[in-house]
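The same subunit A turns up in both complexes below, where it pairs with subunit B and then with subunit C.
Moving on, here comes the complex of A and B:
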């Protein structure tokens, strides 16, 4: 440890000042805009925002989709991570590579693939009409289900990777010991695996939940104006309605939700561990 | 025992869900037909070729490349000294510094883009390209600080103290002793920053103007008006580009150790 305070500040301050001026300050002004009207502080913009049915629908939909995607990715994530951890080393490395791969690909490209799959002339519809299950192609795009599938595919790798490292850090013989002592697989999961991997689940859950809350590309491409989420609503408010106050309200809601999720889940992880 | 049998099924379904769409994109982009369809109507490279003839894609690709390369370099120039100060100095308010430089990762990008548009571009006539450059630098800064910090954490600090005791200047010790040892971490931070910036959409949504647009934003716009396989072809090309970069990085420096 070096003690020279001036030197330390000279090294650290450019980055901190840059982030404060380019990032913190403009964002803070933007957020304050939603609380001000005619030079006075007020919550009018917020009551206004929540008094409109569309806004409430979008708010609850965003929240609900976030929860659904997180829950489903946790279930699939455990099954997948457990299968991957138990592979021989070479296969394990390859599978981890294949799970990581989508994270490097542009989300626009990844989401676009679902148009090819779910579109009017997409694979699913071709199969349905080909098999005679329906005379007309079904409307699969621009539904909440499409957005859900897109988000799940986008964020599932984050959950799997968090759970893989959690499972690897678990004592190797804990599961075998529980089995020998007569626990069934359900008990093994509930009493052994879950408590021992809770932190990994929380890390993965935070990433997936905040990622889904603040997603733009997926609802924009797969939901369109029919299935708005908070970020696509915010974009619409600015570019179509020119309503910056409403945009500021949405920005504040997004930030509060992300921070709350971070704090809450972190607390959940430590509280459970103390027991 | 049933769990052992279930594993291959789980893994197969997982790969179909995660990698399948990407394979479908490749197949769709090789179609000879006029509209997006799967299975493709005949095979051809005409849509792949068409991507290169669309002027706006060329311009926005150049813009995205510029932002990803120079935004990440700027973030490293700011981030390496900050990471070094956080790792090696007793710094007053070091927690505040750490929080401020890592905030851009938590706050949604769309908010940053809108804030810069509202309070920098509109009132001061600030150049949009420059605003985009700042936004992308801020976005990559947390990754730069985090990866370089991790790299510094793995390096014993007594070797640079030894260099200083042996008569090297502090700066000389940094460049001759520390830098060669954290080179891998810096390169990893660069690649991570590059990919993050290149694929970033929300931060650039509001920061576009005549002739100034990043590639993903351009793709979103094109998608709304045209329903042909050229976006699939471009998506496939971009995916190969990312995979190629990450593959080379993994091959030559074990990228995944750092991330």
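Moving on, here comes the complex of A and C:
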């Protein structure tokens, strides 16, 4: 597009400088706090962090919930995306509109709605007691289940949208061809759909996983301090303990986990490709 | 005509500049809360009165203190409004000066509890609030803070998280009720930890509680008086408890920066803020409960703020030193016993 590379670079420079000065540099300064003690470079803050039982519990809980939300949203996402892609154009547009609708509502409002739905007098508990499944309303709010449901609802649309665009780019006859050649539905999914839509899965998976790792409002409102996650723990460290070193350690862990998830998912995708 | 107009506009435009050259400036650091009302009730009238200029810096307590510390050698802020405990923190860090209360005309009008909250002469309380238990009077009876942990009630209680402003005072009262009121709050945190699975939630935002009460998710929660108004609007019998151990709460104070060049002006401003007139207006807008005992408000207003000599006298506040020395310990203990 450009006559020479220098011209292109020169055009990119202002944006690059802007990003470096207002984003990369501050983040680097913040993160370096976790590696410094009395003017020397050290990993002490990290060993210290992981030596505490609470921190380990919170770390594994955050990681596990992230994985669970990603896995379940992939399963539901494939089913939903597949159904939507096969709708006539008018219906497809409407369904995509419905999927994107929650994204336009603030996560705070969406999370508060769950308080109503999952409450003792909420619709879920009324159904449970009405059907005689339990004599007493169940405790759903402020549990790990509530956080899981909240996060799933929050990020499922991102997975569905990524998978819809992946499925749409898939050759339409591929499935029919596989069926004609005698593949059952499981084989069709595993050997045809999955490899052909892995890009969408990687994008959706990264969005959902990193989103679940870093969401603050949902775990704070639906879980509270009974279900501490890394992000709620980080808030505590800054706003109460005024411990920026510990907060910087948590931030670094979250960033590493997000990058690792992305790299891992990409690897998985290309590994299947090579075979 | 046109020339004259231009000339007069130019004159008017120049006038503030000329005035500013002689005008003195007072820089204050306050909570970023209800600033529009503060401007009309406190800042603008004071500027008119002193013929000086007010510069207002806002933010939360932690970051404003950090800023004062960074500018210690060459202070920018002349006067700051902070929590009682942060007032002591500032004093320990050598950031503030003793207040010459003989220059405060309104000092004698303050409730005793507000006159010298930290006992070091470095701060004056300008507002305080009570913390007690809001509860469903048809479902339960609260006579003691320990009643919250009764087996028949505990499954319907929301307790403030230790990270909130209400957390430590509520724990402190629970400790008093349990007969173990050490400053490390070990006993009450342990007692809560034993019941943590039954307690509905350890709340972070009091705004959440009205909804939980309405949904009958909870029957009781320790709250600050400033969140009480929302509960009175519910179509449910909710009462404000007067436990036998008393009520707790918190106080905000005014402090004066060490090395400030405008200490006399800062004192004038402090005196103005504490005056019966200003404190009444702030109370009527439900912004700050008055620390000035001459303030008279209607029953309706009184019901929504912390008001009255008896209330002020009986507030059991956590001593600032205990709060400062134990804050990190509380969080650690809490995370070990309640958080996981």
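Definition applied: the second predicted complex is superposed on the first by the 248 of 275 C-alpha atoms of A that agree within 3 Å, B and C clash if a C-alpha of one lies under 4 Å from a C-alpha of the other, contacts with A are read in each partner's own complex, and residues count from 1 in each chain.
Simple rule for what comes next: contacts are C-beta pairs under 8 Å (C-beta built on N, C-alpha and C of every residue); 3 or more make two chains touch, one makes a residue touch a chain.
None of these values were measured; they are calculated from a predicted model.
Once subunit A is used to superpose the two complexes, subunit B occupies space that clashes with subunit C.
Within the superposed three-chain arrangement, the count of touched residues of subunit A is higher for B, of the candidates subunit B and subunit C. In the overlay built on the shared chain, the residue A:131 is in contact with neither subunit B nor subunit C. Contacts of A:20 after superposition on the shared chain: subunit B is touched, whereas subunit C is not. When the two structures are aligned on the shared chain, A:242 is found in touch with subunit C, with no touch to subunit B. When the two structures are aligned on the shared chain, A:231 is found in touch with subunit B, with no touch to subunit C.
Once the two complexes are laid over each other on the shared chain, residue contacts for A:11 go to subunit B alone; subunit C is not touched.
With both structures placed on the common chain, the touch criterion links A:141 to subunit C but leaves subunit B unconnected. Within the superposed three-chain model, A:259 lies in touch with subunit B and out of touch with subunit C [touch as defined at top]. In the superposition on chain A, contact is made by A:109 with subunit B only, not with subunit C.
By the document's definition of touching, both partners, subunit B and subunit C, reach A:119.
Once both structures are laid onto chain A, the subunit C stretch out of 134-142, 206-214, 314-322 or 332-340 that overlaps subunit B is 206-214. Shared contact residues on subunit A (touching subunit B in one structure, subunit C in the other): 112, 115-116, 119, 121-122, 220-221, 239.
Within the complex formed with subunit C, the subunit A residues making contact are 53-54, 57-58, 112, 115-116, 119-122, 139, 141-142, 220-221, 224-226, 228, 236, 239-243. Against subunit A, the residues of subunit C that register as touching in their complex are 62, 161-163, 196, 200-204, 208, 211-212, 215-217, 327-328, 331, 334-336, 338-340. Subunit A contributes residues 1-5, 7-9, 11-16, 18-20, 22-27, 29-30, 76, 79-80, 82-84, 86-87, 95, 98-102, 104-110, 112-117, 119, 121-123, 126, 153, 156-157, 160, 185, 210, 214, 216-217, 220-221, 231, 234-235, 238-239, 244, 247, 251, 254-255, 258-259, 262 to its touches with subunit B in the complex. On subunit B, the positions that touch subunit A within their shared complex are 3, 6-8, 10-11, 14-15, 17-19, 21-22, 24-25, 28, 35-38, 78-79, 81-82, 84-86, 88-92, 94, 96-97, 100-101, 103-104, 106-112, 114-116, 118-120, 134-135, 137-138, 141, 145, 157, 170, 195, 198-199, 201-202, 205-206, 216, 219-220, 223, 231-232, 234-236, 238-239, 242-243, 245-246, 256.
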